[in-house]
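Notes follow the structure.
The chains carry the letters A, B, C and D, assigned in the order they are written, with residues numbered from 1 in each.
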Amino acid sequence: MRLAAVLVLCAVFAMALVGTVWQIAGQPVGGTLPETVADAMADSGVDHPVTAVLLNFRSYDTLLEIGVLVIAAIAGISMARLPSLEDPELRTHDSLLHALQRWFLPLMWLVAGYLLWAGAVQPGGAFQAGAVLAGTGVLMRLGGMPMNFLQPRLLLRVGLALGFAVFLLVAVVSAAGGDAFLAYPEGMAKPLILLIEIFLTLSIAMVLLSLFVAAPVNDAREPAEGESE
Amino acid sequence: MSVHLLYAFAGAGVFTIGLFGMVFMVHLLRKLLAFNLMGSGTFLVLVGLAQHRNGVDPVPQALVLTGIVVAIAATALALVLIRRYFHLTGQVTLEPGSRDDEGHS
Amino acid sequence: MMSWLMAGLLFTPLAWAVVSLLVGFRTGRWLSWVGMVLQVGASVALWFAVARESGFYYALGGWQAPLGIELQVDGLALTFVLLTAAVASACGLHAGVYLDPDKPWQRYFWPLFWFLWAGLNAVWLGADLFNLYVGLELITLSAVGLVALGGDAGALRASLRYLLAALVGSMAYLLGVALMYGQFGTLSLAGMSHLAQEYPGLEGAGLAMALMMTGLALKTALFPLHGWLPPAHGIARSPVSALLSALVVKASFFIAARLWLELGPNLGTLALAQLAGVLGALAVLWGSWLACLQPQLKQVVAYSSVAQIGYLFLLFPLTWGVTEAVSQQAQQGMTLQVISHALAKAAMFLAAGNLILSTGSNRVSDLAGVSRFLPFSLFSFGLAGVSLMSLPPTGGFAAKWLLLQASLNSGQWWWTLVLLAGGLLSAAYVFRIYRASFVEHSELDQFYHPPRRLEAIPMMLALMSLGLGLVAEPLLSVMALPFGEGG
Amino acid sequence: MAEDFWLNPWLPLMALATSMVAAVVIFALPEERHGLRTGVNLAASLLKLGLITVMVWGVFQGLEYRLDFTMMPGIEFVLRADPLSMMFAGLSAVLWVLTTAYAVGYLEYSPNRSRFFGFFSLCVASTTGIALAGNLFTFFLFYEMLTLATYPLVVHRGTEKALAAGRTYIIYTLSGGALLLLGMAWLYAETGTLEFTQGGFVEGPLTPSLAIIFALLIAGLGVKAALFPLHGWLPQAMVAPAPVSALLHAVAVVKAGAFGIVRVVNDVFGIEFARDEGLLLPLAWLAAFTITYGSLRALAQQDLKRMLAFSTVSQVSYIVLGLCLASPLGMVGGLVHLLHQGIMKITLFFCAGNYAETLGVHRIDELDGAGRRMPATSIAFTIGAFGMIGVPPLAGFITKWTMGLGALEANMPWVVLVLLVSSVLNAAYFLPVVHRLWFRARERDWPEEVRWGRLETMSWLLWPPVLTAAAVVAIGVLASFQFSPLSWAELLVNREYLP
């Protein structure tokens, strides 16, 4: 009964939505933004339009977005239980995984670095690089590497906030000089964006990794099936 | 009808499936997956419709990247909450007091 | 000067979020005091600057819309910024004393608090649909984090419910943004408004707007989508509840209202407007009724929020297809309602927290005899209640008066009945609390006396909401300032 | 006093502020500072009396006291003093002094006095505000404030019964307030102003919406004025302590309603407009019915305070009825009853409180022989009761006589009949009480007797009723004196309404 009702409602919604898309596709109005972007590329400091939009034209979005990530990380680590982090039971003693780690980790760091650098001219950038870096972290953690910086102490918090802090500092420095908030000083866009991206990569990796790690695990009261991840 | 528009229609469909899951499913992880479906659908519409109109458009691509990060942050937060909730109550649904038999993924 | 103030306004909360993340709760507390002073100072200075000159668009990064993101710095936005500064500072000051500094998770209160503040400012000033989305998510996630902070199973359940509802709401909104971008090729609200005027009859965009408004209504907890609100607001720590009820739900409503006022005349329909009004009316009645039935003090206050939010949605029918003067009245009424409810509800939640602290119980029936021992917090609660009942001279009354005038002048007399019934019902639940406190046969003879500072804060907020009605005229005149059209 | 004295505009606000500030100070004082609290209370009430006296003199000289500022678009907060407002403000100022003194004695040794006196002062502040309100909005503001300030007084004892009464009270009065608000908002939407204007600001012809607005306003005010069928809260509210009942019934609440009706008829719609358009006749019938009904119900009561309550229901409608006659003498009669009834009724309530507090007597049939035990109180009660019946030359007689003349003047002889019937009924329920007081011998012990040394009761309790009873005699005998209530009402009617 409930299923039927929900299905009917969803069907109606889907039809309305498809109709809306059709309507809109049929009669677009207004100017075209891509041309404006293309015109402004020369002043943006980077060569790839997506990166230019992300870190220059609409950098406020990105700033706040990193803030959202940091919030998630804060909420995550606020719930972590300290001692469980280094529980030996969690370590996988799998020789294949260890072998993979030995080969993969350097390679993945390299990939992360490349993605970061490539962002200036082609798809890629801080988030992708950070995600890969976080992936290596996950592998390391599963392999039982001691990563003490993931304990919710000052070091972790500095790591989480670093990228955001650097971004914010860059944003406010130019404003202190009388320019707009988030504006890059003349000719400084490229190095500043690179600087921001490097720190963002680190912080994003840190956030994702800490979210992976931060959860209440291995408590005696927890039912057995809850351990499966 | 361009291929981009097809993406947009697919996005509408995916969004609706996600919405269905959100409304109908009770298991928290399923709800979370449904939310991610909704997100993917939205991003498809965002890029598809814009590219249908403008050709290659960097702005929606950048928006989708931002949107993905935000969605990931939300998903991660939800996962942390769900895990802790399960840890404390042994429940996987929001109905207070009733244990869910569906099993957990 | 102006640009420094703007930068300070944007920078302070974000910077304080970062810095307070690095330190413990106690250090975070005094750091936050400094931050509050800065933030309040910047808000006040900007407000007066705009009141003297006029509003302007602030292009972030020097990129003007539609390429970049512009902030719409006008009287209305700054009044809300100012309101946020006042209420958030009060909640922060209260929390600094109220929360237990020895609990390890409380250190995360300050960063979440400051992020929440930053998100709120981003929404008040935002004029770019996608940026508003990011701002909303900033608010949602930090609010959920605050509800869940150190919480038990109940708090987690409430925050999960809240999170899921809010996420669906934001996704619906974002889908609407996607459709709007497909329609207009811009994300700037002002640009869209121009285009919508130029090309009337865009049905697709109308549906997209309805979708966005639905998502925002879910985030604002409009009846019947309000189920997530009372548990979340009821179970959070009192300063957090105060922040949530006073400010957070207003953020999504504010976006809905901006959308409606900019695009509604061309994209809205009578049915949509009336539907929003009817749901708002039902929210008023249903929320108040449920508030009368709640056994727990904070649940009463939380359901009262559901009801008070309902009033806000009368904005939609009262600004659609009416004369300029009526629309003006409705907008002014809505604004005053937002402000006075924010002040009153924050006062109420903080006072409720004090009452819970002194009786050691969240139950209404355990308030017996409190009126004898704790008149001060009860008084604050009562004064805030007067504003919710919308009796003069409170801001709540001023709001109700303007809405009454708007509905009478537009011939939509049926809303007056809702306004009056809502006032009476809110009196019913407020007086239920008073009544409980006057019962004399209490077993408890000793109540814990909270520190004076805790008691003073809700009183100040309550007095502000009380006095709002007296200064409504100058306030409204600033909000109605002509807006300098920028790029 | 110079006509452009700089303080003049601030006098109304200062009169308001005396009790407001007193309230705040009293709330801030710790519970055990009894002496200081009493001092603050009395000082504030005397100061206010002084300010009102100055204003009465000024108004008599034709001075204008007015203070206004804009609160919201189109809505002003106006305080001003005119003859009518002086009448009500004077009444509340005089009775505040006496009731405060009485309450100090009445509540000695009981808990929560800080709360009580704080709200008591707020209550008086609201009453002053109602009196001085210069437009309907300001009136409404204080009208609602009065509701809120009296609630804690009604439920003061915290018993189940008190809480139930408080609930009824709040439901009635807030609903009334809502009706008033609706009427006011609608009126503003129709006319664009709310300022009390001599002769009214509503302009004809009478449209259906104007008639509905009139009905809404009267209904909203009628709740507090206890017009039938909106009187239900009043007898229930008798559980409150005696000073509260005295204040509720004699001055603050019911009079606020009646005063509001006077304002609406005279200064909003205009007496001539209301009369000519036939708005007043239904109101007159309603008032006449309420007079009779209240008296009949009073006959059946066994509880002294409940009897007095129904008597109030009946007596307040005299004011409305007098107003509805819309002839000069009728209006004078009605308006003067605003004062007369207040002073007479407060006497009766003081006495009832004395019986309860000193002898533990609440019911009429327990009063046998009380006159011998408490002669001063009983004499005061007797004077009050005779005044109510309308025995010459007491205050009540002046009212009824003037109103009777007014009814003939207005060519409404049936009103005379109502007055006669009512007087007979008044006699029928008051005389048996008086009879029991003086002419029945005591057979049993008093339920809970308390002795206060030499006097029949505590002096704080004794002097207020004695003074008010003396006033009942004085304002009757000296009715033609220049500042008597009657002369003032004549001045008022001649100057403002029906010249």
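Rule of thumb we're sticking to: a contact is a pair of C-beta atoms (placed from the backbone, for glycine too) under 8 Å apart; a residue touches a chain by one contact, two chains touch by 3 or more.
Quick caveat: nothing in here was measured; it's all calculated off a predicted structure.
A centroid comparison over C-alpha atoms places A as the chain most distant from chain D.
Chain C has its Cα centroid nearest to the centroid of all protein Cα atoms in the structure.
Chains A-C form the pair joined by the most contacting C-beta pairs. Mean C-alpha position of chain A lies 30 Å from that of chain C.
In this assembly, the C-alpha centroid of chain A lies 17 Å from the C-alpha centroid of chain B.
Separating the centre of chain C from that of chain D, both taken as means of CA atoms, is a distance of 43 Å. In chain D, no residue touches at least two other chains. Shared contact sites, meaning residues of chain A that touch two or more other chains, fall at 17, 21, 24-25, 28, 32-33, 37, 58, 61, 65, 68, 71-72, 75, 79.
Each of residues 8, 15, 19, 45, 49, 52-54, 59, 63, 66, 70, 73-74, 77, 81, 84 in chain B touches at least two other chains. By the touch criterion given at the top, residues 2-3, 6-7, 9-10, 13-14, 17-18, 21, 24-25, 28, 32-34, 37, 49-50, 52-54, 58, 61-62, 65-66, 68-69, 71-72, 75-76, 79, 125, 127, 207-208, 211, 214-216, 219, 222-223, 225-226, 228 of chain A touch chain B in their complex. Contact residues of chain D toward chain C in the complex are 27, 70-73, 75, 77, 111-112, 114-115, 137, 140-141, 144-145, 148, 151-152, 155-159, 162-163, 166-167, 170, 174-175, 177-178, 181-182, 185-186, 188-189.
Those residues of chain B that touch chain C in the complex are listed here as 8, 11, 15, 18-19, 22, 28, 31-32, 35, 38-39, 41-43, 45-46, 49-50, 52-54, 59-60, 63, 66-67, 70, 73-74, 77-78, 81-82, 84-85, 88-89, 94, 96. Those residues of chain B whose C-beta lies close enough to touch chain A in the complex are 5, 8-9, 12-13, 15-16, 19-20, 23-24, 45, 49, 52-59, 61-63, 65-66, 68-70, 72-74, 76-77, 79-81, 83-84, 86-87, 90, 104.
Those residues of chain C that touch chain D in the shared complex are 329, 332, 371-372, 375, 379, 386, 389, 391-393, 398, 401-402, 404-405, 408-409, 416, 420, 423-424, 427, 431, 434-435, 438-441, 469-473, 476.
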